[in-house]
Amino acid sequence: MHGVRLESVRKAYGSQVIIDDLDLQIEDGEFLVLLGPSGCGKSTLLNMIAGLEPVTSGRILIGGREVTGLEPDERDIAMVFQSYALYPTMSVRKNISFGLKMRGTPKEEIERKVDDVARLLRIEHLLDRRPANLSGGQQQRVAIGRALVREPSVFLFDEPLSNLDAKLRADMRVELKKLHERVGRTMVYVTHDQIEAMTMATRIVVLDQGRIQQCDRPEVIYDQPANRFVASFVGAPTMNFLDGRLTRSGDCPAIACQDAVIPLPGLDSASELKEGRPIVLGLRPEHVQRAEQGGVGTIQALPLMSEPTGPDMFVRMALGGNEITARLSTDEKVERHAPLPIRIDGRRVSLFSPDNGRRLV
Amino acid sequence: MNAQQTPSAVTLPRAESSPGGKRSRLSSSTAAKLALIPATIITVVCFYVFVGWTIVISMTKSRLLPVYNFVGFDQYRRLFANDRWWTAMENLAIHGTLFIVGCTVIGYVLAILLDRGTRCESLFRTVFMLPLSMSFIVTGAIWQWLLNPTLGIQDAVRDLGWTDFVFNWIVRPDRAIYTLAFAGVWQQVGLCMALFLAGLRGIDPNIWKATRVDGIPTWRVYANIITPMLRPVFFSVFVLLSALVLKSFDLVVALTGGGPGFASDLPARFVVDHILNRQELGLGAAGAFMMLCTIAAVVSPYIYYELRTSRKEA
Amino acid sequence: QTAEVLHWWTSGGESAALDKVRAAFKAKGGTWKDTPVAGGDNARAAVVNRMIGGKPPTVFMFSIGKQLDELAEQGLVGDVQDAATAGKWDAVLPPLIAKVAKHDGKYVAAPLNIHGENWMFYNVAALKKAKVEVPKTWPEFITAAKALKAAGITPIALGGEPWQERILFNSVLLGVGGRDHYVKVYSQLDEAALRSDTMLEVFKTVAALREFVDEGSPGRKWNIAANMMMKGTAAFQFMGDWAKGELVAAGIEPGTTVGCALAPAKDKGYIMTVDAFAFSNAKDKASREAQKLMANIIMDPAVQVAFNKSKGSIPVRTDVSDASFDVCAKLAMETLKDTKAQLASSGLFGLPSSISGAIDDAISQFWNNRTMTPEQGRALFIKTIASAR
Amino acid sequence: MRYQRLVLYLLLISATLAMAAPILIMISTSLKSMDEIRNGSLFALPQAPTLAAWGKAWSGACIGASCEGISGQFANSFVIVLPALFLSVGLGALTGYALSLWRVSYANILFGAILIGLFIPPQVTLYPMIVMIRELGLFGSVPGLVLVHVIWGLAFVTLLFRNFFQSVPQDLLKAARIDGAGFLAIFWYVMLPLSLPVFAVAMILQFTYIWNDFLLGLTFSSPESQPVTVALNNLVGSQFGEQEYNLNMAATMLTALPTVLVYLFSGRLFVRGIAAGAVKG
Amino acid sequence: MHGVRLESVRKAYGSQVIIDDLDLQIEDGEFLVLLGPSGCGKSTLLNMIAGLEPVTSGRILIGGREVTGLEPDERDIAMVFQSYALYPTMSVRKNISFGLKMRGTPKEEIERKVDDVARLLRIEHLLDRRPANLSGGQQQRVAIGRALVREPSVFLFDEPLSNLDAKLRADMRVELKKLHERVGRTMVYVTHDQIEAMTMATRIVVLDQGRIQQCDRPEVIYDQPANRFVASFVGAPTMNFLDGRLTRSGDCPAIACQDAVIPLPGLDSASELKEGRPIVLGLRPEHVQRAEQGGVGTIQALPLMSEPTGPDMFVRMALGGNEITARLSTDEKVERHAPLPIRIDGRRVSLFSPDNGRRLV
C-alpha cells in the first residue's frame, strides 16, 4: 500500500483559502492527474503532499503512514518541476546523484544506480554535461532521472512538460507513460493541459478554486463532465454550449435555441427533464456531423470560417444564435456562408443546468 | 552537514523512516532562523541599540566622555543655533545633489557610449572603474594635489603660458564644496557606469528592433524608452550614492579638511569633529541624530520599495 | 621598563627632536615603543578611544588643559606626582603651566616645551623694498601693510586654516586689547570684556587685515605661507615659533634675512602653547616605573635644552641657560621672565576644546566672510562662546 | 554613421584621459626626484625615472621613530582583510540566502532593519562600538578589527545577495529539499556555486572597502595590527616640514596597488556579476 | 503590387552560412508562413526583409522597389515580435502612437488612427494601461496594433503566438486570420508550430538549414510533402515511416517490410517504381484504418500502447519491424498485444527515396 491519502486537507494564506477541506485517496500504482486552470491550487496541493508547504489543517498519509509534519526527504517521494529545477552548476551525473549523496549512499551504489537510470532514460552520453548545455527535453529527462534514482514510492510531477514544444511534449508524454508502466509506482501529475491529462491518467482530478470538480477516469471526464467547468476545460477545441429550452420535435426530444429547433434523436428523455425547462446543451466539436441535405434530424448551420489543421478541419458555424465549432474531415468541402446541413449525435451530448452548471443527464 | 544525515541511509527509504523513529534533527526552517541570529544580533545591537544610545547621549551634557546628566533638548537648541551645522547641512545638500546627479549623468552617458557596440570596450571599462579601487583618502589626496593652485592644474596651465588661468576653487570658500563633488564623482562614476551598463545589456534586443522598425531616432529611443525602462537601475544607483554621500567623511577630511574655514564641512565631519576632538559628545550626538533623521527621510521610500518587491512579483 | 609612547610628531623635524628624548630614555634603560599617529586630532582621538577600549598607551602626547582634566576626572589618567615632588617641578615651571598640568593637585602630565604663538616673522628685504620699519603697533602695521601692498608685496602670508586664522586673531587681540584684556577674554570668558569697545576695536583691526592677504590664502598650509614670506613675495607671517624650523630647513638663520619679533602689542605678552606627555592609569609596576622614568627624562634640563633647540621651542623649565639658543628663543625666554607676560593660547590649552573649537569656528567665519562687520563679528563671538559653555 | 562613431570614440577617449590622468600623474610624480618636482610641471613626464621613492616608501620611509616604510603594515592589512573578507561575505551570503529563499516570518522586517544599517555612518556609533568590542575583550586585536568590519559590511553584502537570491527560482530550493539536503547543504552545494558572479562582486567591493578603510583601522587597531592606510596617513599626513611628494605618491600608489590589481584583473567579473543581479536593475 | 521579392539572398556570419542563396516571391496580399525547426534561419530571414540585419549578398524588393540598403523605417513594413517588445513604460496608447508621432503625423490623425486600430483589435478599454498590466494575449494584440497603425504594405510576424498558452493561441490564430482577411495586406509569418502554419497560411515555406525545402499551399505540404524532412515536420502525431522494398501482393502494389507485406490497394504503380527497389513509405496516422478481420488488403498490426485524447485515440502499434502510430476513434476498443487488422489507404501514402529522402510519387 503506497498510495497517498489526503484527509480534509486545508490550506490558507492568511485569510485567503487556497485549498478547502479536500479529501482524496490516491491508490498504489495509480497515475493520477491533477488538472485545472492556472492558480487553482494544483501546485499548492502537490507541494503539500511533498512536504514543501505545511498544511493549515488536515492529515496526509503516504503508504498508510502519517507524514503531515515530516520534512520532504522523509516522505519517500520524489518530485519533478516544470522549470526542471536542475542544479545549474552541477553536471548531469551530480544532479542525479545529489539526493543519494545527501543520504549517505555508498559511492559504488550511487554510481551503479546513476548508470541504471541514465540507461533507462537514454542520457548516458550526457552525464558529464551541464544542464545549460542540454536541450529542454534532455533537461526534463535528467530531472526525471533525478527523481527515479531515489526509487521513491510516490512520484510527484508539477507540469513537467509545459516548457517543451509541442512535438517534444508528445514524445515525452509517451515516454512518461511507458515509464509509469515499467516502474509501477504511484504518480501524481499536475498539468493544465487537458491532452496530457487525457492521454496519461488512470484517473483525473479536475480542480477549480481549490475544490475538486470531478474525479474519474479520463473517458468519463470527457464524455460525462460533471459540470460546465469540467466540460469546457477538457477538450480542444472546447465544447460548444447552446442555450435553449427543452422541447420536442416529432417524437424525439429537442432543444429550441431562439428560432432554431435542434432535434436530439438519440437522447433519452429522463424524468427531470421537463419540457420548456431552460437548459444548456453541451456539444463536442466531433459530435457535429455533416448530414445529407434534408435527412432526418438534420438542421441547417451557416459556416463562417474554416481552419484546416491537416487531418481535420475545424469549422466555425452559426447555429440558432450561437457560434459552434465542428470538427470535420479535411476532405469535406465546406463553402463559407452557404447553409450546411448537420446532424448532432444526441446520445453524446451533455445537458447542464443553466443555474448552477451541473450536469443533468 | 553530516549532522543532517541518517547513519543508516538505505535504498528503501520506506522501511527506514517509520513513524516510530523520529529523527532528532533540526528542521530546515529552524535552521534558517538560527542562521539569521548573527545578523539579527548585529542589526539590533550595533545599529539600533547604538543609535538609541546616541539619542540618549544627545539629551545629556556629555563632553569628552559619556555622562548621564540629562539636559533635555539643550544640545539640539545649541545645534540649531550653530552656523557651522547649517553650513554643513547646506553643503550636504549641495554636495549630495551634485555628486548624485554628476555620477548618474556621467555614468549613464559613459554606459551608453560603451553600449553602442564599441571596440576595446573592456579597456575603457577598466579605466573607468579604476578610481573605484582608490579609497576616499587616496582620492582626496590625489585631488588635493591636483587642485592645489600652486602645485596642480592651475600652476601647470600657467606654466604652459596662460598666466591668467585661474582654477582655485579648492581655496575659495564659496567654491570648495564643488571640488568635493568633483573628486567624489571621479571616484564613483565607474560604479554607476557598471550598473547602467548591466542595465542596458539587460534590455530586450527586440525593443531596439521595434524602435528601428518604427523609425525612432536613437537619442529619442534613449530618452523616451530606454531611460524610463532603467528606472530600477536609477533607483539602485540613487540609493547607493546617497548611502555614500551621507557617510562621506573621509573625502572631506582628505581633500579640504572641511576648509577653507568650515566652508566645505559636512554633517559627518561635524559630528566626528565634535565627538572626538571638541569635547562635545552631546552636541555631536545631537548632530548624529539629526543626520539619522535625514537618512530616514531619504531611505524610508527605498526600504518600502525593497520590501514591497517581495518574491511574488520578482 | 617598556613604555608605549603615542604621539603625533611624525614629520622629519619633529621626529628628530623627539629623538633626543627617546635617546635619553633608552640611555636610562627604558624600552621605547613608538606609536606615531599623524595629526593631533587623530592622535588625541586615538588616545581617547584606546582608553575607552581599555588598552591605553603608557605615555601619550596630549594637550594639557580641560580635555585632560576630563579624562582625569574619569580616572583614566595616572599621576607622576612622585617624580614631580622629587624633581621640584613646582619651583621650575611657570605657574600657569604648572596649574594646568595638575589635576587635584597632582601632576598628570609632564610638559616638554613652550611654543609661542604670537610671533611675527618678516622678510627684511621686502620691508626694505617698501621702505617700512618693523611696526610696533597695529595701526603702524596697517600703514606699513598699505605701503607693502602698494609695492606689490603681499603684506601677510597667511594659510587660511582655522588654527592659523586664530593665531592671527589672537595676536591682534593681545596687541590691541593688551594682556589683561586677553586674560579676561580667554581665561575668564568675561562678559564685560567680551562686550567692551576694546573688543570691537580688535574686530575692526582684524577686519582691516582681511585685505592684506592674497587670494590663494584659504586652505594653504602654513609652511607654504612661510615659504612665501622667505622668498619675499610676502612680507609678514604671524605664526608660532615652530616656523623657525622651516627657516632652518631653508638655510636661513633666524634673525638674519628673516627677522622675528613678537606681534605688535601694547604690552609684552607671550601666548604659550605647551607640548606635554600625559600618563595612563597603568596599574602594573613596570609601567608605573616606565612612566616615572619618562617624567624624569622629560624634565631633565639637558634633555630640555637638546630637545627644544631641535624643536624650535623654548624649555619649559625656567632655570636653564639660554646661551645656546637663537635670538628668537632668547627673546622668548627673556619675555617669559615676567610672569604677567605668560599667557595661554586659546587652542587646547586653557579652555575646554568645545569652547576653543567654537571660537576657532567663529574667528574663521568672521575672517572668511568679508561682508561681516566688526559689530556682527563681536556679536557672533559672544554668542558662540555663550552657546559653547 | 561614420561621423557619429568618430564623436563616440572622441568622447570615450577624452573620458578615459580624464579618468586616468590623476592616477597617471601620481605615478609619474612618484617616479621623479624632489628637484624635478620642485622645478618642473606636474604634468611633465619624469626626465630620469627612478623607483627610489617606491623603494623608500616600501621599506625605508620614516614614520616616527621607525624607518621601515609601510611594508610591515601592508602585511597587517592582509591579515585583517582576508578573514574579514571571507567572514563578512560568508555571513552576508548566508543571511541573504536565509532571508530570500526561506520563509522566515520576520524576514522582511529584518531585511528592512538591516538595510537601514547601510546608511548609518560608522563614525556615529563609534563610541558604543568601542565599548562593545572592549567588553568582548577584543579591543586592539585583529579579531576585534575583523569583527568590526564584518558588522559594517553586513548590510551591504546582505543586500547584494538578497537581491540575487530573490531571483533564484524557488523550485531549485524545493528540489534540493526533496533530495534531502538541509539548510546548510543547500547553501553550500546548490546556492553558493550558483551565486559565484555575485560572490565575485561582493568580494571585490568588500575587499576594496575593507582594504581602504581608515577610520576603523585607526580606532580599533593596536600598533602591532595597524593597517596600511593608517601608516599611509602617518607618512603623508604630517603637517610640518617639506612634503616629499614623490614619496607620498609612491606610498599612496603602493597602498592602492592591491585594489587596483583586483580591479584590473576582475573588472569583467564585476560587470558580469552586476548583470547577474547583484544589484537590482 | 506590394509583394516581397528575395533574389539570391545570402546571409553569413563569418564563415557560417545561415541563409544560402534563397529566392522567394511573396505575392501581394498573401499570408506566407515560414515554417521550420529552431535555428533554421527563419528569424534571420525575416530580419533581413525588415532591414534589421544587412544581407551578405542578394537583393530584396518590396512592392517592386529595391530596399536592400534601406533602413527599416524606410521599407514600408511593420513587425511583431515573439516577446512583443512593447515599450514597457508607455501606456498602450503611446505604444501604438509613438511611431506615428516620430513621423510627424498630425495629432488628430494619430488619435483617429489609434482609435480605429483599438476598435479593430478590441483593446479600447486598455488604452491607458501599461503593458505590464496586460495579459499575454492582450499584449500581443497591442503589438499587432502598433504594427497596424502604420498601415504598412507588408507585415512581418516573428512567432507572435509562441509565448501564449494553448487556448489563447488557438483564439489568436483565428483573430489573426480574420485580420488578414480584413486588411488584405501581405503578411509574412514565422513559426515553428505546424498547426499555426497549416491553419493560417495561404502558402507555407518550409525552411531547413537556411534552404527552402518546399513552398506550397498547406494542403499540398500536408498531403504531398516534398521530402522526408517536410513530411516529418508537418503533422502531429508525426508521419510514420516504414522502410521496405517495393513488391506486389496479388495485383496491387505492395511494400515488404521484413516479413510483413503491406498491400497498398489504392497506389498507382508509376514507372519509376520498379519492383524490388528499396523505399520508404510515409503514412499519416489518420490514414491507418481499422479493418474487418480477414478483409481484402488487410494486414495485422500489434497494438502496443494507446493514448486516448478525447475525440481520438492514438495507438502505437508494431508493424513489419517498425512502430507506427494510428489515429483511431475513441469508440474503437483496442486490446493491447492482441493482433489488430488494419487497412492502409494507398492513395494517400507518400513514397520517399531512402537515399536522399525525396518524394517519389
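Observations on the model:
Chains: A, B, C, D and E, in written order; residue numbering restarts at 1 for each.
Note that a residue touches a chain if its C-beta (ideal position, glycine included) is under 8 Å from a C-beta of that chain, and two chains touch if they have at least 3 such contacts.
Since this is a predicted model, take the numbers as computed values, not measurements.
Steps from chain B to chain D, minimised over paths through touching chains, total 1. Distance from chain E peaks, on a Cα-centroid basis, for C. Looking at which two chains touch through the most C-beta pairs, you get B-D.
As a whole-number value, the distance joining the C-alpha centres of chain A and chain B reads 53 Å. One simple way to say how far apart two chains are is to compare their mean CA positions; for chain D and chain E this gives 57 Å.
Each chain gets a centre from the mean of its Cα atoms; for chain C and chain D, those two points are 39 Å apart. Separation between the centroids of chain C and chain E, computed from CA atoms only, is 93 Å. The multi-chain contact residues of chain D, meaning those touching 2 or more other chains, are 126-127, 177, 181, 185, 233, 236. Taken residue by residue, chain C touches two or more other chains at 45, 49, 52, whereas all remaining positions touch fewer. In chain E, no residue touches at least two other chains.
Residues 169, 171-172, 174-181, 185, 189-190, 193-194, 196 of chain D are the ones touching chain A in the complex.
Touching chain D in their complex are the following residues of chain C: 4, 7, 9-15, 18-19, 22, 32-39, 42, 45-46, 49-50, 52-55, 221-223, 242, 245-246, 249.
Of all the residues in chain B, the ones that touch chain C in their complex are 63-65, 78, 81-84, 149-150, 168, 170-173, 176, 256-257, 259-263, 273-274, 276-280, 283. Considering their complex, residues 1, 4, 25-26, 28-29, 31-33, 35-36, 38-40, 42-51, 53-54, 57, 66, 109-110, 113-114, 116, 118, 122, 124-138, 141-143, 145-146, 151-153, 155-156, 159-160, 186, 189-190, 194-195, 197-199, 201-202, 230, 232-233, 235-236, 240, 242-243, 246-247, 249-250, 268, 271-272, 275-276, 281, 288, 291-292, 295-296, 298-299, 302-303, 306-307, 309-311, 314 of chain B touch chain D.
Touching chain E in their complex are the following residues of chain B: 204, 206-207, 209-210, 212-217, 220, 224-225, 228-229, 231.
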